[in-house]
Amino acid sequence: MSQPPLLEVSHLRVEFPTRRGTLLALDDVSFSIAPGEILGVVGESGAGKSLTGSAIIGLLEPPGRIAAGEIRLDGRRIDNLSPAEMRRVRGRQIGAIFQDPLTSLNPLYTVGQQLVETIRTHLPLSGTQARERAIDLLRQTGIPAPEARIDQYPHQFSGGMRQRVVIALALAAEPRLIVADEPTTALDVSIQAQIIALLRRLAREHGAAVMLVTHDMGVIAETSDRVAVMYAGRVVEIGPVQQVIHHPAHPYTRGLMGSIPVMDEDRERLTQIDGAMPRLNAIPSGCAFNPRCGEVMPRCLRERPELMSAGATRAACWLHDAGAAA
Amino acid sequence: MSPVSDAVPPLSAWRRFLEGDLWYSFRHSPVAQIAALLVFVCAFCALFAPWVAPHNPFDLSTIELADAQLPPAWLPEGRATFLLGTDDQGRDILSALMYGARISLLVGLAAVALSLLFGVALGLLSGYAGGHVDAFIMRVCDVMLSFPAILIALLIDGVGRALFPHAHDTLAFTVLILAIALTGWVKYARTVRGSTLVERHKDYVQAARVIGVAPLRIMWRHVLPNVTGPVLVLATIDIAAAVIIEATLSFLGVGVPPTSPSLGTLIRIGNDNLMSGMWWITVFPGAVLMILALSVNLLGDWLRDALNPRLQ
Amino acid sequence: MSHLVEVQDLAKIFDVSSPWLNRVVERQPRRFVHAVDGVSFGIEAGRTLALVGESGCGKSTVARLLVGLHAPSRGQVLFDGQPTLQTLASSQARNLRRRMQMIFQDPYASLNPRWRVKDIVAEPLREHGLAKDKAEVSDEVEALLRAVGLAAADAGRYPHQFSGGQRQRISIARALATRPEFLVCDEPTSALDVSVQAQVLNLMKDLQRERGLTYLFISHNLAVVRHVSDDVGVMYLGHLVELAPKAALFESPRHPYTRMLLDAIPDLHMSGRARTPVQGEVPNPLNPPTGCAFHPRCPHANARCSQERPRWQSLAGIQIACHAVEEGRL
């Protein structure tokens, strides 16, 4: 990767102080996204993937806060900006797409008003120019008859159409990075396919990088270049998407891939990982996966593994420690 | 396969309460603590009035006209035995307050209890049955809401007196409690109906239907426990309202019978004597009424915020 | 071949008109949604039929019609030869309810949050008088919890103390309490994480084998359906469009909608199938298209498709409703 990364997250730590003690929701999360790249962030509920997205956009729900680490966008730190500065970064440099298109759009304003407002907030365009751009964005996202539909209200669009509008909104100010949090989960399967194809195409065309957060590996397989697998607030594996899917190095990733039913295979039994992801107030010491791991070693209970090279990917697992005896 | 649940054994109800969010919220809310203290003091004095009060103001044998119209103890003509003074008949104000608060609280609590029962039952029925039953009950609610509470109470009270002109005291009390109850049931019905509409469609109710449980049993055992949360808050605040309505009615002379004066009756008696300069006969009952209503309201407010998961 | 469950021309129409007053004042007509519009199929004992489709296709409504949560507007359901609608209204209702049970989608809403697990699981036992005394109830509850992979100590806890996957296990335990023969499963794993889903699906398969259960499995996830089912029925806007044994449906889907659906699934293994681009969206059920409901999105539609509703018929070992297939064009 010769280009400097667009987004660089280093040793991010997010805490939630509660009256029963401080919960560690994200623990030493590091990854980077190159310009124009699509990084999928996958994990199950409670793994912290949505939280990572929120931290990057600067929309962490209090009392959650960034306790340590850095987030750099284009080399410049964004995790310690004032709310006003962050507001300028959000929208202009970072676009966001959330899961529920129904609540992402203000029902009281037309689609055009919302688009134009976003455009004019971040770009020096006149009202007419902004409207032209809005119509063009709607056309790019595949909404038929955009000149007519631009003056309609969100409730007049179907679910899939609404999500396209949300994508148009996210792209409105030509952001360099788009954070998409479960953009297709609330949509029907046939619409999902349309939306993820659209997202991928538009990202390439506009040269934007995408951080795609989802629990659906199939969506990641179709869109992403690389994928980061999260577990209990940590990144346990990261690498090119085909490698992670077909040659997973971390036992959790292996279990995960094995438990997903696939279309073109007939399996008698799905691979099952016994137990459940630990709650935030009960994360085991050492490697967080050790209670459920089929290949656990004594070392795993004491020392927490960092991401290390494991073939074509990087995995946080002592099995791949090149320097130690197995 | 190894079970996935925690190894901690289930705790007793008392321990769970102590470690729960409600107790925590209470411990950290000075307002709630003060309000609770005031309510407790009033309730204690009211409940144990016959033992706590220095005199019995309604025992005619202990009252002497010579003691009448004495000001509070700290004023020049006051006497220590009558801490807050006496009224024009020689009754000790402090004791009258305690007995009065007793009547007021009794009527208030009974009225709220009746109101609650009626309102919750109708609300459950309305929400669960839906259709015409729901429409009918809601229209009745709408009609009742268009009348001011006092007016309804006066109406019922008036009708009661007209029907039973030589009513005994207990009957008068019953009519009064009924009157106040009928002013307040609508909010319970509406709240419970709203919650019932939500719960009714949840899968656990559907599961009970698939098992074959009868609708009444579902309403009683499944839905009711889940809709009582907001009712508790409403009831607490309603007690204050009921006490004030009763005081108003008694002040107007159509409330409790004169042989068992409540705080409202005392205020009225005091009001008649205000011009003579005996301010203490009105002010103290008024102050107690206000403190009682305020404390109960504050407690209700705290309860509502403490029980609201979104504010945590 | 006798079917344990047989459905004949089942339909359910919901009246979604505005209230009477609004209709009169605003002069609006009555409006109806044909959630299920003439569905027929059969399930043999011991097998699993999966019903798939996107939102609004009516599969959940079919599930509820089968267990008696809704009364059908038309058609009937036969359980072991007996019509369920009449049975449920008669004195035999108890018996029928014992033999069929349901598992719901939302693990958070399907258990009463104020009840302890032991009461939740024991409710069917108590309701049907299947246990003599408290000790027997307790033993039975314990046995059921262990059968679904939970511990006996879990009986004293409340639902909120469990995770989603564990709650679904409790739901399964409750459903098994009356030793039913037929289980209707309405998207039982859709709300669960993938690894938890694997646990629950494996459990359901084991239970089916051990107890000889018959399943109707509702899902929108074709990969899951591939894993659990023997036969698969595809629904669209209230109609069944294709019903075939699993292998036949996945390897050679006949109906254009089935093909479109199979093509649209994001593919984990990127097997590089040729894809037909997906068009359009599911139409508004209040205003369904004339003729075949799928014709606006179908690449093979002709004039007949927009006028005449295709017949549900058996063709070469499968059942299908499509003019193009009937005419041999596909």
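A, B and C label the chains in the order they appear, each numbered from 1.
Keep this in mind: contacts are C-beta pairs under 8 Å (C-beta built on N, C-alpha and C of every residue); 3 or more make two chains touch, one makes a residue touch a chain.
The shown structure was predicted, so the numbers you read here are calculated from the model rather than taken from an experiment.
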| item | value |
| --- | --- |
| Relative to chain B, chain with the most remote C-alpha centre | A |
| Maximum inter-chain contact count - chain pair | A-C |
| Centroid distance [mean C-alpha coordinates] between chain B and chain A, Å | 53 |
| Centroid spacing, where centroids are CA-atom means, of chain B and chain C in whole angstrom | 50 |
| Gap in Å, rounded to a whole number, between the CA centres of chain C and chain A | 32 |
| Sites on chain B at which at least two other chains make contact | 1, 4 |
| Sites on chain A at which at least two other chains make contact | 272, 274, 276 |
| Multi-partner residues of chain C (at least 2 other chains) | 163, 165-166, 199 |
| In the complex with chain B, residue positions of chain C that touch it | 64, 67-69, 93-94, 97-98, 101-102, 104-106, 109-115, 123-124, 127-128, 149-151, 153-154, 156-157, 161-163, 165-166, 171, 174, 178, 199 |
| Chain C contact footprint on chain A (complex, rising order) | 44-45, 158-161, 188-194, 196, 215-219, 221-222, 242, 245, 255-267, 269-274, 276-277 |
| Contacting residues of chain B [partner chain C, same complex] | 1, 3-6, 9-10, 202-204, 206-213, 222, 225-226 |
| Residues on chain C engaged by chain A in the complex (per definition of touch) | 54-55, 163-166, 193-199, 201-202, 205, 220-224, 226-227, 250, 260-271, 278, 281-282 |
